[in-house]
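Data first, discussion second: the structure below is written as C-alpha cells.
Labels for the chains are A, B, C and D, by order of writing; each one numbers its residues from 1.
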Amino acid sequence: MENKIKVGIIGATGYAGAELFRLLYSHRNVEIAAVSSTSFEGKAINEVYPALTNEKTYILCDMDGVIEKSDVIFAALPHGLSEELAAKCDGKGKVLIDLGADFRLVDEAEYTKWYGLEYKYPALHEKTLYCLPEINREKIKDIDIIANPGCYPTSIALGLMPAIKNGLVSTDSVIIDSKSGVTGAGRGLSQTTHYPDNNEAFSAYKAGLHRHTPEIEQTLSMFAGKKVNVTFVPHLLPVNRGILSTIYVKTEKTFDEIYAAYEEAYKNEKFVRLQPKGSFANIKNVRCSNYCDISLHFDEHTKTLIITSAIDNMVKGAAGQAIQNMNIRFGFDEGEGISMLAPSF
Amino acid sequence: MENKIKVGIIGATGYAGAELFRLLYSHRNVEIAAVSSTSFEGKAINEVYPALTNEKTYILCDMDGVIEKSDVIFAALPHGLSEELAAKCDGKGKVLIDLGADFRLVDEAEYTKWYGLEYKYPALHEKTLYCLPEINREKIKDIDIIANPGCYPTSIALGLMPAIKNGLVSTDSVIIDSKSGVTGAGRGLSQTTHYPDNNEAFSAYKAGLHRHTPEIEQTLSMFAGKKVNVTFVPHLLPVNRGILSTIYVKTEKTFDEIYAAYEEAYKNEKFVRLQPKGSFANIKNVRCSNYCDISLHFDEHTKTLIITSAIDNMVKGAAGQAIQNMNIRFGFDEGEGISMLAPSF
Amino acid sequence: MENKIKVGIIGATGYAGAELFRLLYSHRNVEIAAVSSTSFEGKAINEVYPALTNEKTYILCDMDGVIEKSDVIFAALPHGLSEELAAKCDGKGKVLIDLGADFRLVDEAEYTKWYGLEYKYPALHEKTLYCLPEINREKIKDIDIIANPGCYPTSIALGLMPAIKNGLVSTDSVIIDSKSGVTGAGRGLSQTTHYPDNNEAFSAYKAGLHRHTPEIEQTLSMFAGKKVNVTFVPHLLPVNRGILSTIYVKTEKTFDEIYAAYEEAYKNEKFVRLQPKGSFANIKNVRCSNYCDISLHFDEHTKTLIITSAIDNMVKGAAGQAIQNMNIRFGFDEGEGISMLAPSF
Amino acid sequence: MENKIKVGIIGATGYAGAELFRLLYSHRNVEIAAVSSTSFEGKAINEVYPALTNEKTYILCDMDGVIEKSDVIFAALPHGLSEELAAKCDGKGKVLIDLGADFRLVDEAEYTKWYGLEYKYPALHEKTLYCLPEINREKIKDIDIIANPGCYPTSIALGLMPAIKNGLVSTDSVIIDSKSGVTGAGRGLSQTTHYPDNNEAFSAYKAGLHRHTPEIEQTLSMFAGKKVNVTFVPHLLPVNRGILSTIYVKTEKTFDEIYAAYEEAYKNEKFVRLQPKGSFANIKNVRCSNYCDISLHFDEHTKTLIITSAIDNMVKGAAGQAIQNMNIRFGFDEGEGISMLAPSF
C-alpha cells in the first residue's frame, strides 16, 4: 500500500506507547515513521521490549524527530507536557492524538485544581475535543488535537450514557466502584506494583481523590445537561490488564425499559457489546481487544440499577481508542488495526 | 497438656474443613479426635491434601464417628444438612459449631425464601445464636449450637457496626461492593473456577441475588433497630483468599466523629485493626490470619463514607472465626490457635 | 476479497479450537464457513466464549456439516478421532489440518505403545507429513493431511535443530525440563486445574511418561540421523499460556561456534528469534504470538549447552502453527493472520 | 513463660527479616527484643508491613541497638556486611544466626571468586558452621556463628543427600533446573519484578552463573567425598513463594533401592517428607511452612533419576530454617514456632 500515512509515537517506551507500537505495527494504513523516548534515546525499542522485535529496527529518537517525520503524532506522556508538544505541531498540518490528561478538561479551573497546573496555550484548547467515538464520532473528523479519554472515564461514560442521556436514572447518587489491572499504574517502579506486594493482594486507593473524577463528572454532566457529582473509588486488581467499573444508580423505571434503551444506543456500535440479560461483563473477554462489554442488572428491592462495564485499559482505555480516533479522523475503516477478538484464556 | 478437649470435623475435605484441620492441628487446647468426609471416607486426609501430612495419620470416617468421638463438632457442610446433625448432637453434651447457613437466619421465612427449605427441628433454632464475637461475645459462652457467620457478612458487619449502631450514617442507601478470592467458591469444580478461565479475569456475579443478602440485612437491621435493605454485589477476584468489601453510606457527620466512633468500638478488639487515616485495608495483610482490617475514607463532595473491610474468607470468614467462637465458648484464650500474623508476601 | 477459501473448525469449543477461531477471524484469505462441537451443538460459539462475539453469529454444527462446507478443515480433537475424519475428507479435494496426535508418529508401534490404539486406515498415513515449517516447509505444499506438531515438541525441535543437525552436541544425554501454562491441559475440568489448587502452585507431572516423548525423539532422531533418547519432564506453570523448555546437552564445541550455527539456521525464519547473547527467552515475549524465542547459554565448567526455547502453546504450539501450515499449503503470505506481536504486559 | 530468650533482627524490613519477625512473634520461647533497619530507622515495623501490626509497637532501631538488647541476633543483610557484625557479637556471649552468604563458603577463594570480597576476620570463619539440621544437627549445638544455608542450596542438598551419600548415583553429570518464587529476589524494586513484567511471565536467569553454585557444590562434594560440579540454572516463577528444584542424575541402581535409601535417610526427619511413589512435590504444599517435600521418579529408558524437591524459600529456605537452627542451638523443641502446616490453597 503506497499511500500509508506516517505515524510517530512520543513516549514509546511507556506502557501506552509500547501498546501503540504493537497495534500500529499491524495497521494496514500506516507506517511507523519514528518513535521517541527520553529514557532510552538511542536504543532500539526492542532492546526495551523484546516482544516488539520484528524484521525492522526502530531506534528511539527525541520528540522533535518524531514530529518532523510523522503526519500523526501519538503522545503518551505524563501530564503537563502535551501543551508544549501541541504548540510545536500547531500550524504544520500535523494531527496530534494526546493520550494524556492535558486537553481533556474543558474547565481550566478544574485542571488547575486536580493537576496543579495552568494552561500555557489557552488558544490550543479551543481547537481540541474530548474524543470518545461513541459520543461524538462525527465531530472527530475535523479535529487536529485529539484528546483521548482516560481509561476509567471511558468505561464509565459508556456504562452510563444511555441511562443518563435518556433520563432513566437519578443522578443524585452515582456510586462508581472501579477495579483496574496493574498496567494502569504504568511502567514506573513502586512498592505497590512490586510483584510480591501486589500478587494475591487487593485494595482500594485514592478513594474520592482520583484525578479521573473531574473527567468523569464532565462527561456525565454533559449527558445529563446538569452538574453530576459522583463517588468514585478505584481499586488495584492483581491482573495485568482490564478495568471493570461497577456502577450503582437509583431508578424508577423498569429494567426492561432501561435494557431496551441500551440496546438502542449501542445497536450500531462495533466496539460496545451489551451482554445478554443475566450475564456479567468480564475483563477477560475484552483483554487485548478494543471492546467495551456492558452488563445490566437490577436490584428490585432497593430500586438500584447495577451496571458493570469492562474494557482493556491499555486498548479501549488508551492505545486502541487512540487508533480508533485516528481511523475516524482519516476516514479509515474504524476497526482497522483494532478488530482482533480477545483471547478468552 | 492432658486436659485437651476432643474436636471433630465433619466435611473435612471441603476447603473450610481442611482449613479447620490446619488451624486446629496447632491449637494447644484441643486434640483432633476424628474427621469425616462423604467423598473420601476410608482415605487419610493427607491423601486428599498432601499439605496436611504430619506425624499422625487421620483416616476419614463417617459423620457418626465424628459425633461419637468429639466434644466439639465443627460442621462444614452444604446447607440443609446441619439441622439433622444438630439433632444428633442435641442432649449429648456436645457443642456444635456450624459453618453453614442453616442456623444463621432468625426468620424461617427468609431461610425458606433464599434456600428453598423449611426447618425440620424448629426447637433447635431456639437454642442457637449467630455468633460474631465482636457483637455478642458474652452470650456465646452459653451456646451449644453456634451459628458461625458467613464470610461476606462478617466483613460487612464489622465494617458497618460502629457507624450504624451509633446512628452516624443513613441506612436508606447502603451500597456494598464485595470482592472475594476463589476459595470462597469451594473445592468443587466449575468452568468459572477452572484456572485459565479465572486467571487474569474479573467480574461480578449474582448481583442483588446472593444468599448472604438476608444474613447481612439481619445483622445491620439489628444494629439499626429497624429494617435495613442493602444493595449487595459480589465479585470474584483472581486470588485464592481474601474478601474486600467496599461499602458506601451517606452521612451528615464529620469524618473525625465517625473515625473516633470506630476507634472506640474496636479499641479492645484483638482481631479488628482500624487502619490509620489515609491508609487502605488490603487483603494481603490479613491472608491466612484471623484479622479484619478496616479503613475509612470520606468523599466530602458527595457526603459519602467509604468503608473498606478486609478479611481472609477462610479464616475470619470461616474456620478462624469458628475457632474463635470455640475459644470463647470454652474459656480458652480467645486468640489461641489463630493469633498468627499474615505473611505480607 | 472474493476468492477467500472456506475454512471449518472441528472441535471449535476446546481451547485449540477457540484459538483457531480467534485467529482465523482476522485472517484476510479465509472465511470461517462452519464450526462444530459435540458438547455444544446448536449453540452459538459466543455463548460458550463471549469473547468471540462479533458481527456475525456462528452456530455450532456437527462434524459432517463442517466437512461439507469447508475447503480446509482444522481438527482439534482428542486422539483417536482424526483418522475417521481424514477418511471422510479423503478424495474430496479437502485439506485436513490435524492438531491432534493421530498422524504425528511415523512408527505405528510407537503410536500403539503410547496411545493404546492401532491404525484403522494405514493408507492414509502414507499421505501425511509431520509439518513443522522451519524443518520441511517445501514439502508441506503438497500435503493434504497435515499433521500439526505438538506444543512441547515444537519448542524442543526448534530449540535443538541447529545443534543436532550440525553435530555440535552429544545426543547421549539430552535432558529436557519443560514448563507449560495451564491452557495446555485444555478446557476440561480437573482438580489440578481448579483455580485455588493451581494458583501459587508448581510441580512436575508425568516425569518420563509424557506422550510427547516419542514425538520429540522421532524429530531429534531425524536431525541426528540415529536414534536419540531424551529425558523429558514437563511441569505445570501457574500462567495461562506459554511453554519454556530448558534443554541441557553436552558439547565439545565453543559457544561462539554454536551460536553462529543458530544464527545461520534461523536468519531467514520470521517466527524464530534467536535472542542476543546474555539474554533469556521469556514466555511473556511470545504470548498470543506465533514466535519462538530461543536463547543459548554455556556452562563452561561442565561443558553444558543450555538452550531455552519459548513459545505460546496455543499459537506456535497449536492454532498459529496450523494456520502457518495452511498459509504455506495454499501459497498465502506465511505470516498472514499470525504476524501480530506479543503484548509485553 | 519467664525465661524467654531475647532475640533481635537486623535487617528486619527486608523480606527475610519480615518473615523472621512474623514467625518469631508466635514462638513461645523467645521475645522479640529489638529490630533494626537502615532504610526505616525510627519508624514502627508495622508502618512498613501493616500485616505485622499487633498489640505491641516495635520501633526500628540501628544495628548496635539490636546487638545490645538481644541474646540471639538474626542477620538478614546483603553479603559483605555480616563479618563486621559477627566481630561485634564475638566474645559477648551472643549467638549470631546469619542468613547471608558471608559465612557459608569454607574456601575463601571461592567466596572471593563469586562475591568479589576477601575475609576481613579470618579467625571468625573458624568458629562458624554451615548449619543444615538434616546434615549436621548435633554440631549446631556448639556454634555461635551459625551460617544459615541459602534457599536453592537447601532444596538441592536435601534432594540429593541420600543418593550421593550412599553412592547410588553418578556425580559426573548433575543437572539442576530450579524455579523460585519472586520473594527470592527480595523487597528491592527492579523492572524484572515489576508486577506487569513478571505476571504471566517465566524465564531462566543467571544460567550457570548464580552465586549459589559454589555453595551447592561445596555441600554435594562433602556428601560425595570428592569434588562435584553441577550445572545449575535458576528460573523465576510468577508466584510469591516456593522453590522447586528438578534434579537429573544418572544411576545404575534400581528405583526401589534408591527409594528405600531416601526412606531410611528421612524417616526421623520431621521437616522432610518423602512423597509416595508416583506423587509429585508441589510448592503449594510447603508454602508458609518449614517442610521440604521430595519426590523421586525414574526414567528407565535413559537411566535417569529425577528428583523434585520443594521448599518455601522464605521459611525452610531462610527464616524458618534459621529458627530451626536456633531451636537446636538452645535446646528448644526443634519444631517450636515453625510446625504449622501449609495452607493447601
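Rule of thumb we're sticking to: contacts are C-beta pairs under 8 Å (C-beta built on N, C-alpha and C of every residue); 3 or more make two chains touch, one makes a residue touch a chain.
Because the structure is a prediction, the values reported are computed rather than measured.
Participant: Please give the intersection of the contact partners of chain C with those of chain D.
Facilitator: A, B
Participant: Considering only mean CA positions as chain centres, point out the chain farthest from chain A.
Facilitator: Result for max centroid distance from chain A is chain D.
Participant: Quick check: how many Å separate the C-alpha centres of chain A and chain D?
Facilitator: Comparing mean C-alpha positions, chain D is 46 Å from chain A.
Participant: Nearest whole angstrom, what separates the Cα centre of chain B from the Cα centre of chain D?
Facilitator: Spacing between the chain centres: roughly 35 Å.
Participant: In angstrom, rounded to a whole number, how far apart do the mean CA points of chain A and chain B lie?
Facilitator: 39
Participant: Could you check chain B for residues that touch two or more other chains and list them?
Facilitator: Expected reply: 15, 183, 196, 200, 238-241, 282, 284, 287, 344-345.
Participant: Across the complex, what residues on chain A touch chain B?
Facilitator: 173, 175, 177, 179, 196-197, 199-205, 207-208, 229-231, 233, 235, 237-242, 244, 246, 248, 250, 280-284, 287, 295, 297-302, 304, 306, 308, 310, 344-345
Participant: Show which residues of chain B lie in contact with chain D when the two form their complex.
Facilitator: Residues of chain B touching chain D: 15, 18-19, 22, 25-26, 49-55, 183, 200, 240-241, 270, 273, 275, 279, 282, 284-289, 293, 314, 339-345.
Participant: Quick check on the complex: what are the chain C residues that touch chain B?
Facilitator: For this pair, the touching residues of chain C are 15, 181-183, 187, 189-191, 193-196, 198-200, 238-240.
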